[in-house]
Amino acid sequence: MTAKKSRIIAVIGGRNPSDEETRLAEEVGRELARQNAILICGGLRGVMKAACKGAQSQGGLTIGILPGDDASAANPYVQIPIVTNLGYARNVIVVKSARAVIAIGGSYGTLTEIGYALDSRVPVIGLKTWSLSRNHQIDKSIVQARNAKEAVKIALELSEAK
Amino acid sequence: MTAKKSRIIAVIGGRNPSDEETRLAEEVGRELARQNAILICGGLRGVMKAACKGAQSQGGLTIGILPGDDASAANPYVQIPIVTNLGYARNVIVVKSARAVIAIGGSYGTLTEIGYALDSRVPVIGLKTWSLSRNHQIDKSIVQARNAKEAVKIALELSEAK
Amino acid sequence: MTAKKSRIIAVIGGRNPSDEETRLAEEVGRELARQNAILICGGLRGVMKAACKGAQSQGGLTIGILPGDDASAANPYVQIPIVTNLGYARNVIVVKSARAVIAIGGSYGTLTEIGYALDSRVPVIGLKTWSLSRNHQIDKSIVQARNAKEAVKIALELSEAK
Amino acid sequence: MTAKKSRIIAVIGGRNPSDEETRLAEEVGRELARQNAILICGGLRGVMKAACKGAQSQGGLTIGILPGDDASAANPYVQIPIVTNLGYARNVIVVKSARAVIAIGGSYGTLTEIGYALDSRVPVIGLKTWSLSRNHQIDKSIVQARNAKEAVKIALELSEAK
């Protein structure tokens, strides 16, 4: 399995996604598994759960980095629950452990993960997520994808390049 | 000093500020001290150092939450260095310990702090910093201020309201 | 793989083990893999590396919770490197993610892990490791095992009981 | 206040101390304040509260590194509450921010702090606390003190030496 080291991809996004975001997350999860990538996420519900569900449906491996003190808080599609009890400081672990990050929708927690990823030079691919301007200048660091398949394709390409 | 508990204000921003950002940070620091607020920051250089310098010049108390393993990495205007060795996961501590956050310029690390603050419902006042859109909708959670004095005034008002 | 959730076992110990500790760690790793347990550890060298080597030799899955910022610091037998950049605060994650902890030798870092495990009511099985007294009273919370096989047997039994 | 940087001393110990431990903690707090040291602790009740109470009674400055998400969980004698939301991973911050650590009684959480301090070469002075043996050899790294005054005296002496 060592060969897969380079293929851990994070999926980030909110706990209360829209139907479209849920569908995108599940599709991203399925596609990651088909490409033999390992999925890492925050381990909870919403986008995280949908992505894990998609990955597991295709036999993929799923890791959940949990904010709380209890492995049983993981969604049922997390195969390897990592218990941190660090609250949302665990966000930094989700992105630093990945070769690329796919952001789907999301709220302020997702924003911290995007910030950590860009600060750590981990590529971020966006699906209906945040866009950023700094002091009135647009920041194009988030690569916007048009659909789930394209997001996974770009994520894996940028992972290889790293 | 217990009365000041409600007056810990964070100043966040980059390590490589422009001249204008440096000037703004120092002015924010001075004004916070004049208002008897305690300044908390990441303890390093750039905006953090300028703000601490300003605060100390007016007899204010300064706290630096350091990412590394060594108190001596603090800028010389940090009076209370807190050594975390948590890397940029320490960002969450800077904002959670504050009643309000003033963001001056800044890069992706500052973005994580803005995300943590908004997620924790700590008010964020911006001076030449990030602005955000989520899925093409502008997010106005960062209160944009026109100058240092106004930023401090709003920060203290929003602190009281909390 | 969900069934294995209950079978994540931590192996903790020093970076500079004696020959006997290295041998014990490798044997513990092998035995954990034979029992279909997933091994979690700090991901570095010494006891951690020997245990991962043993587990991998029997086809077991190995997770390394790394203190630094770089997945490539993991020993070559870590299949899933989790990058925390939290320094030794990551110790809490190693033990909280496990159903039981096997401590082999070890220094002060191992002592923090034993403390976190006992504080979190995660059973600790000891092989040539720390023993504790509190205010002159012996604390028998660490279950001392006589050999690697016994350590794994006790760890799995106590995991089931949890 | 910069001169006091070298005089931040941690007091660690349990949330449910004996009467004697409470008395010792308060006396340690008073003595630290008399010697112009800043007291850092975990910010909660028991030994932490007693030590802060003692320090405040002599006009000393007290810092509480809180495990939870809410500054109001600090004991009433904490003047500077630092909110981490990191759970007991915050223990590493308490000891790394100090020049020396005074351990009074305490349970497994205190044990993690002792481990982190010794691992970081921060001197540990013990009052009715843990004692350690590693693989049947006594470890004398904790300097055992006979009373509160002696504990503070040794802590400050070892701080200077650092």
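For reference, chains read A, B, C and D in written order, and residue numbers begin at 1 within each chain.
Simple rule for what comes next: a residue touches a chain if its C-beta (ideal position, glycine included) is under 8 Å from a C-beta of that chain, and two chains touch if they have at least 3 such contacts.
Small disclaimer: the values here were computed from a predicted structure and weren't measured.
S.K.: Specify the chain most distant from subunit D by Cα centroid.
M.R.: A
S.K.: Could you check if the interface between copies subunit A and subunit D is built from the same residues on both sides, meaning over half shared, or from different ones?
M.R.: Mostly the same residues.
S.K.: Where in A-D, A-B or B-D does the A-C interface recur, with over half of the contact pairs identical by residue number?
M.R.: Repeat interface, by the over-half criterion: B-D.
S.K.: Quick one: report the Å distance separating subunit C from subunit D, using the average Cα coordinate of each chain.
M.R.: 29
S.K.: When the C-alpha atoms of subunit B and subunit C are each averaged to a single point, how far apart are the two points in Å?
M.R.: 40
S.K.: Touching two or more other chains, which residues of subunit C qualify?
M.R.: Where subunit C meets two or more other chains at a single residue, that happens at 69, 85-89, 92.
S.K.: Please output the residues of subunit C touching subunit A within their complex, sorted ascending.
M.R.: Checking each residue of subunit C against subunit A gives 1-2, 4-5, 8, 38, 61, 63, 65, 69, 71, 76, 79-86, 92-93, 96-97, 120.
S.K.: Could you pull out which subunit B residues touch subunit A in their complex?
M.R.: Touching subunit A from subunit B are residues 86-89, 91-92, 105-112, 114-116, 118-119, 128-136.
S.K.: Give every residue of subunit C touching subunit B within the complex, in rising order.
M.R.: Those residues of subunit C that touch subunit B are 69, 85-89.
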